[in-house]
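What follows is a pair of complexes built around subunit A, which joins subunit B in one and subunit C in the other.
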Partner chain A sequence: MSTLRDSAEALALPLLALAGGLALFGAFVWFDGHDPLQAWALLFRGAFGDAFSLQNTLQRAAPLMLTALAVALPARVGLTVIGGEGALVLGGLACAALPVLLPGLIPGGTAGATLLLLAAGVAGAAWIALAGALRQFRGVNETISSLLLGYIAIALFKHIVEGPLRDPASLNKPSTLPLPESLRIGTIGAYDVHWGLVFGVVACLLAAFWLSATTHGLATRVVGGNLRAARLVGLPADRLVITACALGGAAAGLAGGIEVAAVHQSANASLIVGLGYTGILVSFVARHHPLAIIPVAILFGGFLAAGSLLQRRMGLPDASVQVLMGFCFVFILASEAWRGRLGTLFAVRRAPVTLPAGGAAGAA
Partner chain B sequence: MDGGAFFDVLLAVLGGAIRVGTPFLFVSLGECLTEKAGRINLGLEGVLVFSAMAGFAGSFLGGHWWLGVLLAGASGALIAALHGLVASLPRVNDIAAGIAIMLLGTGLAFYLGKPLIQPQAEQIPSLALGAWSDSPQVSAALSINALFPLGVLLALVLAWGLKNTAWGLTVRMVGDSAEAARALGTSVAAVRIAATTAGGFIAGLGGASLSLYYPGSWNEGLSSGQGLIAVALVIFARWHPVRCLWAALIFGGAGALGPALQSVGISGYYYLFNAMPYALTLAILVATCSPRKNLAGAPMELGVSR
Partner chain C sequence: MNRPLHPTRRHLLAAGAAFALPGALPGSLGGAFAQAPITVGMLYVGPRDDFGYNQAHAEAAAQLKKMPGIKLVEEENVPETQAVQKSMQGMISQDGATLLFPTSFGYFDPHMLAIAGKNPKVRFSHCGGMWTKGKHPDNTGSFFGYIDEAQYLNGVIAGHMSKSKKLGFVAAKPIPQVLRNINAFTMGARSVDPKITTNVIFTGDWSMPVKEAEATNGLADQGVDVFTCHVDGPKVVMETAAKRGKMVCGYHASQAKLAPQAYLTGAEWNWLTAYTQILEAARTGKPHPNFVRGGLKEGFVKSSPYGAMVSEGARKNAEDVRKKMMAGAFDIFGGELKDNTGKVVVPKGKVFKQTDVELEGMNYLVEGVIGKA
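And then the complex of A and B:
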């Protein structure tokens, strides 16, 4: 019974929090002199209203699934890593740079594209694993180090894209050389959604399988649950922490590689649009559960897709989606405070329990 | 680079240390006060951006720079208070709350600041400390933000107050042992919310120096993570307000190095020089942290000293 109630609550709390975020957003635009009903309607129409919006939504959800994993996997070993943006841009850079650095060595077609994505994943993995290693071996707080590494990664990205690897033909918008046609990632069948979506979904499924059905995943969760206990039973805690970080980083790096190979065709500033930061929110809403990341990423991908509609139809600033996300984030955190108590809020009141003398039952 | 150019770069870095360092100073003092009470506020990044916008709006609409500065402080306190409240809820981690406030504060600032991107507002006046010199470079380098002396004063007052006053003791007690504070009947949450809010006001003054002094306008790329660097800067300063001052000047100087080198024609590594403060912070963290023991001077309740 209690597990059923727990899972009902695990679903109800984030939904209530999202509803709260949307409600507050409505109040906010209303104060600003806009119609909240229209804003809500446009948010959902722009996200899921027709085939075009839906494809746009899924297109944007794909990288969010991967950058959310960059937060969720380290979170399962107890680390708050928020440097997904850095891993993403380095992944994109690695993907765009490989054909330039190894001219003639990258085969065309699927094999070559796989190599590029592999490079992207390795670049991202190294970056986040570094934050994990600094935490385990030097005691450096991983939240701060991953953020700093993120800024350093973006500086490296800009330096390389506007310097050594700049395509001389890219005048107004410094970019690397565009990827050859044969190495690009195409769309799925006749739909206007690229294969990155499949990568995102499969990565989330694999992560869920790894965490819940493999011994290594179980060990990882033990480390996250109680580091001391994990060390006492002889688990290699350092290695598990760094592995979880590396896998998360690989996901974010892959997101960057896919954005380059499927959307932008070269590495340039269009890659740095905060997908890593939105991934943090997605992971928190999904409570760091890989399976829950899939629908949450689609929801927030939808809000991002609807942003331009809000801008065009209602004249709202482009930051309105960010405001909505900020409200949702605050509500999601606040909702944690009601975990375990939501049931009692709606439950039929039972007969009062007589306390033994001393009132120790209050400890429950 | 000949001798003259070297001198120019040196002068620009020294001037830049104060110009770029002033926002660092305020935001790190705000973070220092917050952390002394046992909480990390990563949301100071959101506080900084929002208060920069509010400060600009105050000066633009009110017509006086000091109105802008006051509004920046007040709105910084408001956003920080939200962090204080959210992080006081059961099971809410202060780092996560900080990320949320960072996102919300910058989002609100970009939304509300949209109409403020074009206009000019009255700026915070400069103190011409270099008026004695004939050299225009020297007077330019020594013409400093009027808020900077206030920041220096604030650092001294905070250092003195934390050490010698009753509220300073309360803040430090809450930061070092919540249990001891509870045993004495002090409300831990109330003290932390108050310290976070006051820290937000101080950080808000840093936001005002961004939008009303240097760079001196409002745009969405105004902050380059100063609010986040502040967290690391406080660690570097070992939670001491006066050392925050030196740290802010060092970071300001490092941040001024890129533009200074560019002005003498060395521009190939512009972005890498701009990343200097981040690399410096990380290097300091790696050098000073230890997995075995707490950092010297760290409030015991703090998440970084795990």
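And then the complex of A and C:
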């Protein structure tokens, strides 16, 4: 019974918060001289209204699922890592560079594409594992080091893409050599969504399974819960921390690899658009839970897709969507204060006469 | 309605042929367009009010919107990722757009090409790309302006006004379009006084406000007294230089409002000319103009009005050069031209016309520029 109530609450809280954010956004556009009803209708249409909108939303959500994991997994061992952007660009670079560095050694088709994505994951994993190792062995704060490592990664990326690996034919937009046709990642069947979405969803599911259903995952959560207790019971804390960081980094690196193989076809500055930073927000809103990341990333994708329609139909500036996202996520984070109290409030309303004392105590 | 493009169309509008439409200038457009309504989509990579690249497009788009029968849909801050593909497709399937202007360089390949392949009846006109016959679909194309002509005129004015004989150029990346502007600006200034040098700082990206301010301050400390730039939003460079009591030449759009005391003149885009040319072809069912280029003469670029402080001699010199450019009797890049390492890059006797595509692959900085490409 209590678990049922808990999960009902887990669903009701963010939905109520979302409604609050949307209501406030309505007031905001109304204040600005626009019709809030039209804005709400367009938001829904642009995000989920038809097949095109839905695919648009899912496509935008795909990379965010992976970059959110780069924050969520280290968070489960108690680390606040915000350097997913660096892992993403290095992943993209590794994916684009492999065929150039190993000419003739990469097979075409799925096998070759798998190798490229593997390289992308390894590059990302190494970068975030470095932040984890610095923290465990040198006592360097991982939030700061991962952020700074992100800047270094971007600088390295630009140096290599615009220097040694630059395709001489890419004049005004310095890029690496484009990937051969056979190594690119296509769309899922007839849908206009590439396979990155499947990678994102599967990675989130695997991460959830690992954390909740394996011994290793349990040990990881123990380290995150209480590092000293974990050490006292003999858990290899350093190894677990670095593994969690590496897995998170691998997810972000994979996101970069997919962006290159499915979208850009080569590594260039268009890869650096803040997907890694948006992942931080997604992970925090999902409370670092891999399963919650999927719907939150889709919500984010929906906002971005809807924002596109909002601009075109109502002439609102791009910043209005950021205002909406700001409202919604502040509400969602603030709604945490109601956790555990929402049910009591409803109970009070339903049975005020039979449980007056309990109701008063619950509301207080 | 938009007539589908003829698939076996052989003729291509060569660079020069695109200019053979003198009647397509804004003044004479009103009557020509009283036809079926058309929905036009504009995509910008940054904010529409950036006092720079995106604003120059947005201002021209606002002019376009005023014409009868035009429905304009716009989107700003569209990144060069899957997002721009979705936005373009959305404009087509949700808004019924049949002519799209994706204005950022990075939209061309692979994004515009991907969406153009899926929508063969929609016309795409990209700003800045190198459309190539046979390589790219016929329903796509590119337009661009020879703004280095206006940068040359900036240089002439800067050359007259500078007292320290040191000019500053804050640039994003050492790519051909940028190098061409730096070179033209420097050559304009050195046509006034060959002792003049231009210090270049590359910030590494198109929108780096902090680095742009640091670069401007750094150059000011080195004695530079006239600045110009090639970044997406020149606002920071203009304001920082003006605050330091230095003079500026604008870029992309007019920044005169930001620094009225310091603003000498500026190199501005006049995209309306290109837009209307492409739009007219779409509305009358003529073949899509695939490769559209033009400079001062064709009305693709213009100069900002001179600031009050610009001397009579400077104005006269610049206007003389402008007259020659308008008459097609002035070539910026002619031999013998040396780069700043002393190597001859254009041999004696060789003269490049603005339309020569070799210039779109420029990879050197000319003599007098202090910096490395």
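Everything below uses one rule, namely that the second predicted complex is superposed on the first by the 348 of 364 C-alpha atoms of A that agree within 3 Å, B and C clash if a C-alpha of one lies under 4 Å from a C-alpha of the other, contacts with A are read in each partner's own complex, and residues count from 1 in each chain.
We adopt the following convention: a contact is a pair of C-beta atoms (placed from the backbone, for glycine too) under 8 Å apart; a residue touches a chain by one contact, two chains touch by 3 or more.
Just so we're clear, the structure is a prediction, and the values are computed from it rather than from any experiment.
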item: Clash or fit (per the criteria above) of subunit B with subunit C on subunit A; value: clash
item: Partner chain(s) touched by A:Ala334 [first = subunit B, second = subunit C, both, neither]; value: first
item: Touching partner for A:Leu4 - first (subunit B), second (subunit C), both, neither; value: neither
item: First (subunit B), second (subunit C), both or neither touched by A:Gln136; value: first
item: Which of subunit B and subunit C A:Leu309 touches, first, second, both or neither; value: second
item: Touched subunit A residues, subunit B compared with subunit C; value: B
item: Which superposed partner A:Asn172 touches (first subunit B, second subunit C, both, neither); value: second
item: Which superposed partner A:Ala213 touches (first subunit B, second subunit C, both, neither); value: neither
item: Partner chain in contact with A:Ile144 - subunit B first, subunit C second, else both or neither; value: first
item: First, second, both or neither for A:Pro317, with subunit B first and subunit C second; value: both
item: Contacts of A:Lys158 with subunit B and subunit C, given as first, second, both or neither; value: both
item: Region of subunit B that runs into subunit C when the structures are aligned on their shared chain, from 113-121, 185-193, 203-211 or 239-247; value: 113-121
item: Common ground on subunit A, meaning residues reached by subunit C in one complex and by subunit B in the other; value: 158, 162, 317-319
item: Complex contact set, residues of subunit A against subunit B; value: 80, 82, 134, 136-141, 143-145, 147-149, 151-152, 155-156, 158-159, 162-163, 277, 280-281, 284, 316-320, 322-327, 329-330, 332-334, 336-337, 339
item: Of all residues in subunit C, those that touch subunit A in their complex; value: 41, 47-48, 73-83, 86-87, 89-91, 93-95, 105-106, 110, 128, 130, 173, 175-177, 204-205, 360-361
item: Residues of subunit B defined as touching subunit A within the complex; value: 42, 82, 86, 89-93, 95-97, 99-101, 103-108, 110-111, 114, 220, 224-225, 228-229, 231-232, 235, 268-272, 274-275, 278-279, 281-282, 285-286, 289-292, 303-304, 306
item: Residues of subunit A touching subunit C in the complex; value: 52, 56, 59-60, 158, 162, 171-174, 192, 194, 259, 263-265, 268-270, 273, 304-305, 308-309, 311-313, 315, 317-319
